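Here come two complexes built around chain A, the first alongside chain B, the second alongside chain C.
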Partner chain A sequence: MTTYFGVDVADVIETMPSRFRKEAAAGIAGSFGYDLGEAGRWRLAVRDGDAALAPAEDLDDCLAVVATDPQTFVGIQLGKIDATEAMALQKLTVAGDRGAFGSITRLFQKYLPPGEEALPETELVVLKQTISVDQTFATGPVMGRFLKGLKEKKILAMRCPVCGRLQSPPREICAVCRVRNTEWVEIGPKGEMRMLEYVYYASPDPLTGETRETPYGAIGVLLDGCRDEEVFWHLLNPAQLDRVQMGSVIDGQVRHGSRLRPVWAENRTGSIDDIQYFELDD
Partner chain B sequence: MQSDFDTSDCYTIEGKLALPYTYFAGRVGSRFITTLRDQHKIMGVRCAACDTVFVPPRQTCERCLGDLTDSWCEVGSRGRVVNFTVVRYPDRHLPRPVPFVLAMILLEGADTPIVHLLEGIPPEQVAVDMAVEAVFAETTTNTIRDIDHFKPCDA
Partner chain C sequence: MARGTKNRHVGIVGIGETKFSSHREDVNQPEMIHEAVRQALDDAGIGIQEVDCVVHGNMELFEMVHQPDLWHVLGSGAYGKDSFRITTGGTTGGTLVCAADNLVASGMYDVVLAIGFEKLQEGHTTGGITNMADPLWARKLQSGALTDSAAVKLIEEFGPERAKRAAMTYRIIMDQHACLNPNSHRAFGLDWDQMDDLMADSPPLIGNLRLIHMCSQSDGACALIFASEERARQIAKKPVWLRDHITVHREETLNLCTNYYPNNPTHRFAAEQLFARNGIDAPLDYFDVFEMYDPSAWWGVDWLRDFFLLEGDAHLKLVEDREIAIGGRMPINPSGGVIAANPIGATAMVRVAEAAKQIRGDAGPHQVPRTVRHALASSFGGTMWTVLLMLEDELNGWGMP
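Here is the complex of A and B:
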């Protein structure tokens, strides 16, 4: 008796007909060959929802013939070896109709060694929880001045004294030139849409803990007074998701995007939410 | 507080960070929890190669890298304190009002300690090597807290 993974290879082969799930085999007819090296050559004849297995020298009449070594065969039957991986490693080859062979392999119940009964399905423990953490965000002097500007319906940017680029929300330092930004500039508040991201998976808002309705549009607006990549990121009026046009500059060819204007919140507190969203400026 | 820059534009914004979270105990972890919950038994896994009993159980032996999924063994619900700490900093997520004791407990038959609450004794009287036993929870949470805590017992 030859064993692999503690299992008798002959028993794995001989139990194939009894492990065949007849109810699932309707409409399948034909012979399938198993060339298992020293464990022999076998023909599985499937007809009328029944399967018969017999040793066979000649497998030429089979729809498909699988060739592998007994260890790989037993490993796959026990779920210890992945069939796709075995094929990639050339330890298992299928000649003939691969599709038909693929469908036949799914018709067998898993092999269980004699005396072992099928274990009941293990209950899997999954816990769902929402963790809530109170946060206090410090604005710092630069972001603080920007947010105070929003309270007065002004969008402020900082200009780099070396390269001249504008950043909004502002940064204390121009990370490209590594110099301290000093000059404040008011930009917008209207602009042109340059970028639209349809968001289908929303992360919770860190200010409210609430998750936005999806899909929503995250947009990059090129506010008046800005150029090139100096876009300002905010939200689009969700009702206008499909009515806006993105602008672009490709090889010097300018295509203008939709004109947008900010919608200011009634009660402004000096927060990024002082702009509710941008909407079409018709 | 003195500052070397103009702080007139500095202020704070209150936020509430919500983290939706799905925790999967895994196949091995699930069986550990359900056995604890339904049978009040603490299960570990034994690595046949190095003869180490891991509690809580794990899928793979960290030394031999062997698969331990089906190598279950029961360990005792009694054990000994191998180390401990007194938690004195209160926080909302903590399981008890401070001060309370978190102990590493080596259960009978296990080779790795489990961390759990130790109660029924003032923190200053807890000592390494003292004998303790598990007190199972009356209501399940499907977590390690199905052991409510450990308490001192006779050696």
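Here is the complex of A and C:
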């Protein structure tokens, strides 16, 4: 017979009776079918704590029949393939009483390839660690002035003296033109929805260590006074996720998105949290 | 930008890749990279004593082990040798190749061993990437490497039905390739009749980016040995020549001001520069295979347009006509690509390793079924950093003053 993962599929099948754990089989009686494609069809008869395995053409009388290819079968036995994933991909199906079949899989000792049976079980020693670090970041004069503006409910941007583009949060230089930005401009605070990231994936918030509540919307808002790609990156009121429209510009064709306004926090400290989120400006 | 030419040619003479997997608790980090190093040395047929310099890289914030090159000396063979450490995010593997190439081309070293690795199971990938973001603004908003921006862009331009089918077609082709590659971490055996179910039922991550579209988090290592032309011809029967490479950055890690808007990709800029200076007018005709750093099926589809300097919907047609399959006009990722295995610090180097194997003709079951003479490999990191590399089977007189 053929080998998979370096193991003879026949050896996995034929050692099933010897791997059967009699002590765990009390009260279980019935036949279970294994349809293993080119590795054949097998009937496992369980009665009075004993198991007998024989090739079988007809598996109609079985309580449950598992159908899979020999590679998947061997892979699951060796722990190389995840059974749940194989089922999700329809590489393994169970017909009949799935509950009964589930109980039968627990009646076997783990298969060990020839030569490895005598080896004592190896323990994989792993070390679990969690680190927690308090950090303090300097804002610098430019980001500092911008954050101070948020305290006063103002959104500030810096304009590049060469290309004229606005950056907010502001940057000390325009990296494209390689010049220092000098002019401060107030933008928004209202604007138009350009980009919505409708986030389902619950990622960790590195500022708090907490897992973010989902779904939430991370957005790019084109604040009034800005143009083209000069969008402002913040959050959307999660209750309005399904009510907003994204705008776009394709080949100069403008489609406007929903109008949005910031919701300011009661106590503002000069941080991104001074704006709770943006919401529809109806 | 002023740019010199190579002082001398550089060839890849040894290739090593571990099997990629979601978990390698059976080995620690030095043991895991040693598997790739041993393979590369055996492939080259040389001993570690013949290596002059070791270049080592990964992304430290994933495993939170700093200076892992020091821990890894026992596995890398760097004891007593000149050694450099490189960490440039997703592009790390590509930058390792560029660094090794420059070190040999400069004449400083004749033989350089480059090692890229990652054991993502030992840390938290999305947490790590989010910590890469600007602490004053972007950390609050960033969700790791996950973004829906390519899907938004493709859907806006081509409509939801066509865009979604193209992304899933790309995904199934990549899975078919992954099934041919014994090193794959994820190879599902997806069939075309599953397309509609996957489009509807795969769990959504962000917008239209679903779990099935996204790359894995893998453990694994890759090692490549580079040698000067003279040494390469002595060491290897068939050295693969690293013709040229280009690195293009954007302004900062995460562009705070334009991050969430379809932006000017560095991929296209890199491709334009690289092809122009190498006299390549029609990249789609010139190259025989492309190993692309494709973190998701959406990005994979979108970036074909940039890398091959295509216009309109030519990139979608390549996918729809399945011309990107291993036997197609432009085989993309016969290895299965990044969606099949993503040990991040090794990932971009695996693209180069796989492209080199294709040129040698010994890629194994996923060898492109025609002669491969010219190969392209890309790396991606942060917001659209690009490293783009060209590999050749012959020197053909290019690249020298």
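FYI, the second predicted complex is superposed on the first by the 149 of 282 C-alpha atoms of A that agree within 3 Å, B and C clash if a C-alpha of one lies under 4 Å from a C-alpha of the other, contacts with A are read in each partner's own complex, and residues count from 1 in each chain.
The rule is simple: contacts are C-beta pairs under 8 Å (C-beta built on N, C-alpha and C of every residue); 3 or more make two chains touch, one makes a residue touch a chain.
All of these numbers come straight from a predicted model, not from anything done at the bench.
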First (chain B), second (chain C), both or neither touched by A:His256: neither
Which superposed partner A:Lys91 touches (first chain B, second chain C, both, neither): second
First, second, both or neither for A:Arg41, with chain B first and chain C second: neither
Touching partner for A:Val231 - first (chain B), second (chain C), both, neither: second
Chain B versus chain C as contact partner of A:Val126, first or second or both or neither: both
Touched partner set for A:Asp134, first chain B, second chain C, both or neither: first
Chain B versus chain C as contact partner of A:Arg145, first or second or both or neither: first
Touching partner for A:Glu197 - first (chain B), second (chain C), both, neither: second
Superposition-derived comparison: chain B or chain C, residues of chain A touched: C
Touched partner set for A:Leu207, first chain B, second chain C, both or neither: both
Touching both chain B and chain C, residues of chain A: 124, 126, 131, 135, 137, 139, 147, 204, 206-207, 271
Chain C contact footprint on chain A (complex, rising order): 85, 89, 91, 124, 126, 131, 135, 137, 139, 143, 147, 166-169, 171, 175-176, 194-201, 203-207, 212, 218-220, 229-235, 246, 248, 250, 271-273
Sites on chain C touched by chain A in the complex: 25-26, 64, 124, 126-127, 130-131, 135-141, 143-144, 146-149, 152, 156-157, 188-190, 203-207, 251-252, 256-261, 263
In the complex with chain A, residue positions of chain B that touch it: 5-25, 27, 29-31, 33-34, 93, 142-143
Partner chain B, residues of chain A touching it in the complex: 122-142, 144-145, 147-148, 204, 206-211, 270-271
